[in-house]
Each structure stands twice: as C-alpha cells, then as structure tokens.
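Next up, some structures in structure tokens.
Below, chain A partners chain B and then partners chain C, in two separate complexes.
Moving on, here comes the complex of A and B:
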C-alpha cells in the first residue's frame, strides 16, 4: 500500500501541511502571549480612532483629526497616484525612446542609448536624491521664480501651475462631448478604415466652440506672487515632482529596452511586406510592428509596472508621504506594528496582483489566433 | 474566370513600348562582398522572366533591388520610367505599383485575411473601406479562397497563405509582380495550386519576374529564362533554347543538378 505512488504522495503532502500548520500555530500563540504579557493591545479597533498624525501632502482631503483608516487611505491614494502617473508617462516615453534607439539617425539613437544606460545602471535612490538636491542647486528662490510658460512658475519650492475648476454641469457636458467625439471618430474610422489627419484638431475645435456657446462655467485660477509666496494655482511640491520625474526617468530606461526587444522580435519579413506594399516606415510601425510587438512585451512590461509600485516606496527618501511612509508613522504612533505590517503586505500584494491580472486579461485578448 | 484567362493568348510584349524595368551597369555590395556584378537587364511590359541559379547567386537580391528592399551602389535602375534614387517619395510611389510575393508569405499574422488585403489599399491608396473590401473579395475569389476571408493567416495552409499573399499584392493593382521563390517553402502537394494561380496571372498579361526552380512552370509561361551565378547574368534565353541547348558550362552543370 505504501509503495503506491498516489497514496505515498498524499501522505507526504498531509504530513507537510500538518508540520506547517503546527509551526504557524506556535508562532501565533507565542506572539499573542508575549504581546499580552507586555500589555500591548492587539486588534484592528484602532483604525476608527483619530490618528493625530500629520501627512504633509495628499491627493485626498486629510486632516489630522481624521481616523487611522482615513490616514491609511490617504497614503494609499498617494501611492496609487504616483504609480499611475509614472506608469503612464514611462510607457509613453519608453515607446518613443525604445523605437528611437533603433533609428538610423546616430544622434537620436545615441541620446536614447545614454538615457537607457544611465537609467538602467544607477540605483533609483541615487537618481532620486540627486534630482532632489537639484531643486536647491539649480532653481532660484521663490521671489525670482522662473516663468517658462504663462502661469507656470518654477522655484525652490516646486512648481506652481494654473488650476482649472468647473462646476458639475460643465464637467458633465465636457464628458458627454468627449464621448460623442470619440464615438464619431470610431464610426468614421470603421467606415473609411482610416482617420483624416485633421480629425483630432477639428473635434477639439468643435468641442471648445460648443462649450463656449453653452456658456460653460470655467474658471482658471492663475497663480499670483504676493511678495512672499504664490497665491492660487496648484502647487506641485519638490518632493512629489522628484518622485514623479525620477521614477519616470528610471522606469523609461527599462521600458525602452523592452520595446526595443519587442520591435526586433518582429521578423524582417514583416517590414519587407509593408515596404513592398508602399507603406511608409511610420505606418509600418504603427499598423504592423507595434500591434505584434505588444503581445511580446506585455509580460515583461507587467513586471516593470510592479516594480514601479514597489519603487514608489522610495518616496520616503525625499520625504513624500507615500503609503509605506504613512504606515510607518501610524505604526510608531499606534504601536500596532503586527497589524500594520499585515496591512502593508496585503495592500502591496493586492495592488500588484491587480496589475498582473489586468495584464493577463489584456494578453489573452490580443493573443494571435493559430489554427 | 481564371480558367478562361489561362487559355487566353497573352498580349505579346511590344519592344517599341518603353520598358517596364531597365538595369544598366548595376552593381551591389554587402560590405566587401560583391553580390551583383555589372547587371544589364531590360524587361518589357507584359514580359515574363524566370530567374534561376544556384543559391547565393544573387537572384533574390536582384529582384529585391527593383522595389528597393535592397539598395544598389552603382549603375542605374529605372522602373516604369522612374529612376530609383534615395528620394523616399519616389520609392514609395514605385513600391505601390510593384507587387511582391515572398518565400515565407510574410502575411500579417495579427490581421484577418480580409484585413491583410485591405490594409494597403486603405492606408496607401486612401480607398474607402467598403470599396477596398469589395476589391479584396474579388481577388480572393480569383485565388479561390473567398471562404477564408475572416480567418487569420495562422489558420490557413501554406498554399492558401501564399495565394492570399498573391491576392494581397494584386489588391494594389500593380503593374509589375515580383515573385521570390514563391513555392520553395511549401509542402509538395501545395506547389501546384500556387503555380496555377501564377499561370492564370501570366495569362492576364501581367509583367512578372519570378525567382524559381520550377522548370515546368518556366517552360510554360516564361518569355525568357535568366540564369545567374556568382552575381552575374551568365545566360539569358528563351526557355526552349535554355533547357535544350544551354550554352554555358555553368548553366549545363546547374541544369543537370536540378533535373536529377
């Protein structure tokens, strides 16, 4: 009976599970006993208590009177915001840089190569600290702020940009107009097979004219200098700017290499076929090479996106309150370290698993049909 | 329609027309390797040329120079009255009028058969989609696979894929068709269906240059056979003369090798 392969494997597996369970039980009971002996409370009740911690900047609205769970949500929102912005910008830039590296223009290809090598070979924390130190070395004090574009100021205290605000009705109108424009473009593309080159500017112009006719309630809050600081507008602090720019530069290097490999993975014959039909280079890239490349690059790209989420914890080095930084403060303030660590692990696991499943879904959707 | 076309007598190439392709003293190197040496070749409108020769003789390179998939370094190539230079606009104009069929089909695997056929007419000729699809279906019927229109290339047999590739080139209404070993990558039982399609096309008076070792096909449709070896045109003659009385030692050797 014991020589039967299946029985034997079941017995071994049961034994392994039993040992693991016993070890976990021992760990948990010892921890609980020790915590109780020292009078440290355990449980998640603290989450609804007022936190009284300070979060220096937040995407959500947060006051130190708010409970712990809202502080956690605020940190999480900051992390999601940073990760999302970095993922979007590094994907777009990485596509351009990766393709330009294959260009026959030596200057363009060389510049992109330098970018890739610098980004890939420096530790991200060095890049962040270097960039952060630039704010004080390069940019002027707030009184002499640079004014590269109307309403945009750059100084030691970060960027100030005009803030656009609108009432709910206008926002709704804008969304409806955009949806209509997209639908019209999609319909035209399906009918003709291609979009005339002036389609996008036309849609934009019609949209703006429409909003103006509908007497939209836009208000643009232009920043003004009051003598000691800027009033109005939207602040982009040096901390947030550094983590966004630094991680984007860093991740772009990796995305560019993945894109380059992806373009090279599509055979020469596809280029030959495109050229022989009279398609110019740019259209061959857009219609033939990039759609085939996407299938190859989605899995490695997904690991880079996961890296972005993990690297966003480096925000702590420049003092931006990301999820990990906020959790750190919460743990030291509330002394609920075990619960805190579990929340941290759970959140990063959930973020990265959602990224992976989104990537897997996309990968299945675009898979090449064979037989 | 195809079978009747095959029996129709093709219009005879007229030497007084301006030639379709003219190569004068053309040379090409890959680095230090001299691939094509002093090529002089004139192809008349409606003429069918079969190019053969041992592997590495430069026969694929010569037809890839005609639509500038390869650049030549010396001499002149004039296609349809336009000389091939570095002018990208001219090259794109020439390319849309030259169809090409490859050894490995080079269909676009992410597009359906119909999309493979309509891509260039839509994006290069600015044709409306409905019209492009109508043209595509017309040519799919000519190559006898209209029922495969909504499948992907990976779902078709090699012979079917190559016929789709021929239809894709025809959708651009080319003046010249180039075939680069169109049957070499096919299973033996699929060679005939592709050759039949090409024979029907020849019957319609298309100017054709085929790199192929299908000697039966050469006998049936070629006006001239060009034999190349080591980057040179060694011999050029009508198929009956070339096959029965090869003049050159190298042609004789080649013919004995492929006929056995």
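Moving on, here comes the complex of A and C:
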C-alpha cells in the first residue's frame, strides 16, 4: 500500500497536519496557562476604554482620554501618511536620479551614482539616526530660520509649511475628482493608447477650479514669522521631517536603479524605429518607450512601495509615533499582548496585500497582450 | 567604477580626430546644451556642498589630539573621539580585559566570509568548516573551558552584528530550502502551508516580527525554557531570512528544466536523493547572485535588533556618546557606524555583480 504514490501522499499530509495541529494546541495551551498564571484577561473589550497613552504628534486629532481604538487609528494614520509622502517624493526623485545616472555627463552621472550607492548600501536605520543627529548641527535656531522656498521655513524646531485646510464636503469632492482622474488614466492605459495624455490632469484642474469658483471652504494657511515663533502653517517636527527626508533619500536610491534598468531594457532599435517612422521624440517616448518600460519597472517598483510601508516602522528609532510604536506602547500599557500582536499582524498584512493587489491590477492592464 | 578596458588604438584612425584628455572632457561636459546645463547645475551643487563638508570632515576636524578639550573648541568633526572610544564602539560592554576575544571573532568571521565567497571553495566541506568555526566563535564569545564566562547580555558591537547575520543566514538556509521545496510540492496541504508562511513573513516588517518574537515567546514557552534576548532576536531574524531565502531558492528551482527530474527518475532515484544529488546543486548555483543580495539585505537588517534592546553597533555608539567628558559627537559616531555597514555591504554587492557578470556555471 505504501508503494502507491497517491496513498503515500495522503498519509504524509495527514501526519503533517496532525503534527502541526498538535504543535499549535501545545502553543495555545501553554499561552493560556501563562496568561492565567499572570492574571491577564483576554478580549478586545479594552479597545473602547480610554487609553491614557500619549502620542507626541498625529495627523488626526488625538487626546489621551480617547479610547484605545482611536489611538490605534491615529498611529495607523501616521504610518499611512509617512508612507504616502515618501512614495510620492521618492518616485519623482528616483525617476530624475535614475535617468540622470544614464547621462553622458560624468559630473551629473557620478553624483547620482554616489547617491544610489550610499542609499543601497547603508542600513536605513543608521541613515535615519545620522540625519537626526545632524538636525541640531546644521539648522539654525528659530530666530534665523532658513526660508528655502516661499512659505517653507526650516529651523531647529523642524519645518513649517503652508497648510491646506478644507471642510469635509470639499475634501469629498476632491477625492471624487481624483478618483475620476485616476479612472481616466486607467481607461486610457487599458486602451494602450495614452490617448488623452492630459485628460487626468485636466479633470483634476477643472475639479479644483470648480471648487474654487464655488467658493468652497478651501484655504491655504501661509505661515508668517512673528519674531520668535511662527503663526499658522503646518509644523513638521524634526522627528517627522527626519523620517520623511531619510526614507525618501533611501527609497530614491532603489527607485533610481529600477528606472535605470527599465530605460536600459528598451533597446536602441526602438528609438531608431520610431525615428524612421518620422515620429517626434515626445511621441516616441510616450507611445513606444514608456509603455515598454512600465512593463519592466512596475513589479519591482511595487515591492519597493511595500518596502516603504515596512521601513516606516523605523520611525521608532527617531521617536516618531507610527503604528508599530503606538501598538508597542499600547501593549506595554494594557498588557493585552495577544490581541495587540494580532492587530499588528493583521494591519500590516492588510496594508501590504492591498498595495500589492492594486499594483498587480495595474500590471495586468499594462502587460503585453499575447495574440 | 571599473574603467572600460578596451585597448585604444595607438595611431589615430584615418579620418578620426584625436582629442586630448582636456578636449574630451570638455566635450563630455559641454558638448550638448543639455550637458552644459547639467554641468552647471551639478557644478553649483558640488561647489556649494563639497567644500563645507571637506572642512568639517578633514580640514577643521580634530584628527589626532586625544583630549576632549580640543573637540570642544574645534569647528570640524571630532575623529579623536572615535579613536578613543573605538574599543567601546566595536565591542560594546564586553569586559575590557577580554576584548581580544570578540576582536578575534570579528576577524575570523570576516576572513571566513571572504574565503567562502570564492567560487573555488564552494563544496560541502565549507558547511563543515562553518559549523566548526561557529563552535569556536561561541566558545570565544561565551567563555567556559578555561576562558572567563561572559553572558550574552554583555555581548555587543560588531561581533553581535556579524554573528546574528551569519547564524541567521546559516540556520535559515536549510529551512529556506525545505520551504522552497514545500512550496513546489504536489501535496496541497504542504504547498498551502508553505505559501501562507512565506507570504505572511514577507508581508510583515522585520521590526514587527522582532517585536512579536520578543512579546510572544515568553507567552508561548514555559518560563524555564525562556530564551534570552539574543536568542529571541536570532529566532526572529532566522524566520525572516528563511522566508526570503525560500523565494530565492524557488527562483533557482524554477530554472531547472524538467529533463533533469525525468533523468533522475529514469535512473530510479527516490525524491530526496533526486533533490540532493541532481536538482539542488544546480538550483543553488543559479540562485547564487540573488543569494548574495539577500545576504546584503540581512547585514543591513541586523541593525534593527537595537530596537528590541540588543547591544549592536548602533546602541554601543549611543552608549559611548553618553560619556560626559566628551562633547557628544553624534554625527561622527553614526557616520563611522554607517561606514562599517557600507564597507560590508558594498564589498558584498561588488561580489554579487561579479557573480552576475560571470553568469551561471554550466550544468
């Protein structure tokens, strides 16, 4: 009987499942015994109780008498905010650095190569701690704050940037306009025509202009310097600024390499073919080069974006309260460690799985259709 | 960067103008309008940033004066702090009289790594060599049998980083092979189990795995069996490395043509001997460049263990900075630590490049 492959396979699987189940049962029973011995209750009831933990800064409004679930949401919002900002900035910078590395100009290519090598070969946590230690060394006190761009101030106390405030209805309309713009871009890409190249920005611009004309509650709060302090604007603390700048520098190095690989993967012959058809450079780029490049760069770019979400946990090294740091505080404060661990695992898996399924959907749109 | 080694013709070809080096670089820098703009842009950038950095790094820096006072008055970097504290930075709180032991361990691990990356030394006896070396390393670090005993709680600095990297990858490697084989298994329960395990570990940040390991292990295990912080971090790093290595090895397995399996079946080899004698040697050889990249990722990742309270390079740097006699040169210290990681990871990256250029060895 054992010589029959099918029977043997069933026996092996049953044995394996039994061993795994026994192991799991052992773990669970030891865990419950340990929890009982220490008098720790189990259950998610604690989530609605006031947390009384301090979250030093938050994108959402949070007070320490808010319940635990709101503390968790606040930490999650911080993580999502940091990841989103880093993804946007490092994609844009990575595109520039990656293409500049291919330049024939040795000065430009060399500088970008140094950036890429430093980013790829140093641990992000060391980069963050190093940048954080530079903060007080390089930047002036508030009184002499640098003003690199209009409305942007940099000093020892962090950045101050113009704040955009809007009411809920306006924000909702803006989100709808953004969704429409994205849908238009997706529709155009699906027809692989890049047909209306300006469709997405146009929809967005029309949406914003419409909001403006309708006199929506949409205002930009410019910071003003009052001699000893700033009035208005949005404060970015040194901690938040360090994590944003550090992770952007780090991720840009990886995005640049992906972009460079993508450009190199499209052969010179494609350019020559385009030229021989009499297409102008812009059209060759849009119709021939970029669609082929996207196919190569989307999958690795996707895993870089997931890495950004994972690396945002390093915020803990400079003391920015991201989701993991908040969860860690909650676990040590409430001693609901099992529940906390399940929330941590669930949230990160959900975040990363949704990111990768969105990227996979996009990848299917742009993939080669074999006929 | 390696220069192109194309031999330049000694005589100019007919109809070709020979440019001097100056002329050539002028063409490269200003030949086209775009290049001229780029040169100006990056020239301004470099001229404004490099001289101040050089001043801070070298010209105004305290290089040799070993007194803290010199650092207080200098406007540049305080490198003498790094000299004065090098023992503490590299070896953490390891007992002072015994620091020769972690020093030997570091040299041993680095020498063994350098030895193992030579393609000529890839043979089964390499694994035996590593096991013997690890026993020796553990004896040197922990003591006993004639050496003074040092608990893992006083281990610190570079040896901790190196040991964690090497042991995590060493233990994770066979586990990764098993996971990769399981993921390609025809038995559904085994395949699904492997997929769930690999994908959930890969979907989580390493920091959360480290936290979960340090929170959950005391609950999972009876108190008598509870491992210390060092072992807990090692377990988390190993699980993490195993999931990534499994995917790398699976990539290698996918490159093996079906004919190899059929040939093994034709000579009557059973499953495990097919894998051990025919498939895995080829699959691992194909996967070696990707394996080298995973090792770089792991070297960088071990720097995270400071968050769960282990004394790695970063935390020993922080401890050294707490000395009130010195003006706390944090940027210099972290630059030094960053340079160590950079050196390790950059040399490994060049090695991976070399392997990739060499291409897979013939079957």
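Convention: the second predicted complex is superposed on the first by the 292 of 371 C-alpha atoms of A that agree within 3 Å, B and C clash if a C-alpha of one lies under 4 Å from a C-alpha of the other, contacts with A are read in each partner's own complex, and residues count from 1 in each chain.
As a convention for this text, contacts are C-beta pairs under 8 Å (C-beta built on N, C-alpha and C of every residue); 3 or more make two chains touch, one makes a residue touch a chain.
Computed from a prediction, not measured in an experiment: that's the story for all the values here.
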Chain A residues touched - chain C or chain B, whichever exceeds: C
First, second, both or neither for A:273, with chain B first and chain C second: first
First (chain B), second (chain C), both or neither touched by A:314: second
Partner chain(s) touched by A:283 [first = chain B, second = chain C, both, neither]: first
Which of chain B and chain C A:49 touches, first, second, both or neither: neither
Touched partner set for A:292, first chain B, second chain C, both or neither: first
Touching partner for A:126 - first (chain B), second (chain C), both, neither: second
Chain A residues contacted in one complex by chain B, in the other by chain C: none
Residues of chain C touching chain A in the complex: 1, 25, 28-29, 31, 34-35, 38-39, 41-43, 45-46, 186-190, 193, 200, 203-208, 211-212, 215-216, 218-223, 296, 299-301, 303-304, 306-307, 314, 330-331, 333-335, 337-338, 341-342, 345-346, 349
Chain C-touching residues of chain A, taken from the complex the two chains share: 9, 12-13, 16-17, 20, 27, 30-31, 34-35, 100, 103-108, 111, 113, 117-118, 120-127, 129-130, 133-134, 137, 306, 309-311, 313-314, 316-317, 324, 328, 331, 337-338, 340-341, 344-345, 348-349, 352-353
Chain B - residues contacting chain A, complex: 67-69, 88, 92-93, 95-100, 102, 104, 106-110, 118-120, 122-124, 126-130, 132, 151-152, 154-155, 168-169, 172, 178
In the complex with chain B, residue positions of chain A that touch it: 190-194, 267, 269-270, 272-273, 275-280, 283, 287-288, 291-292, 295, 366, 368-371
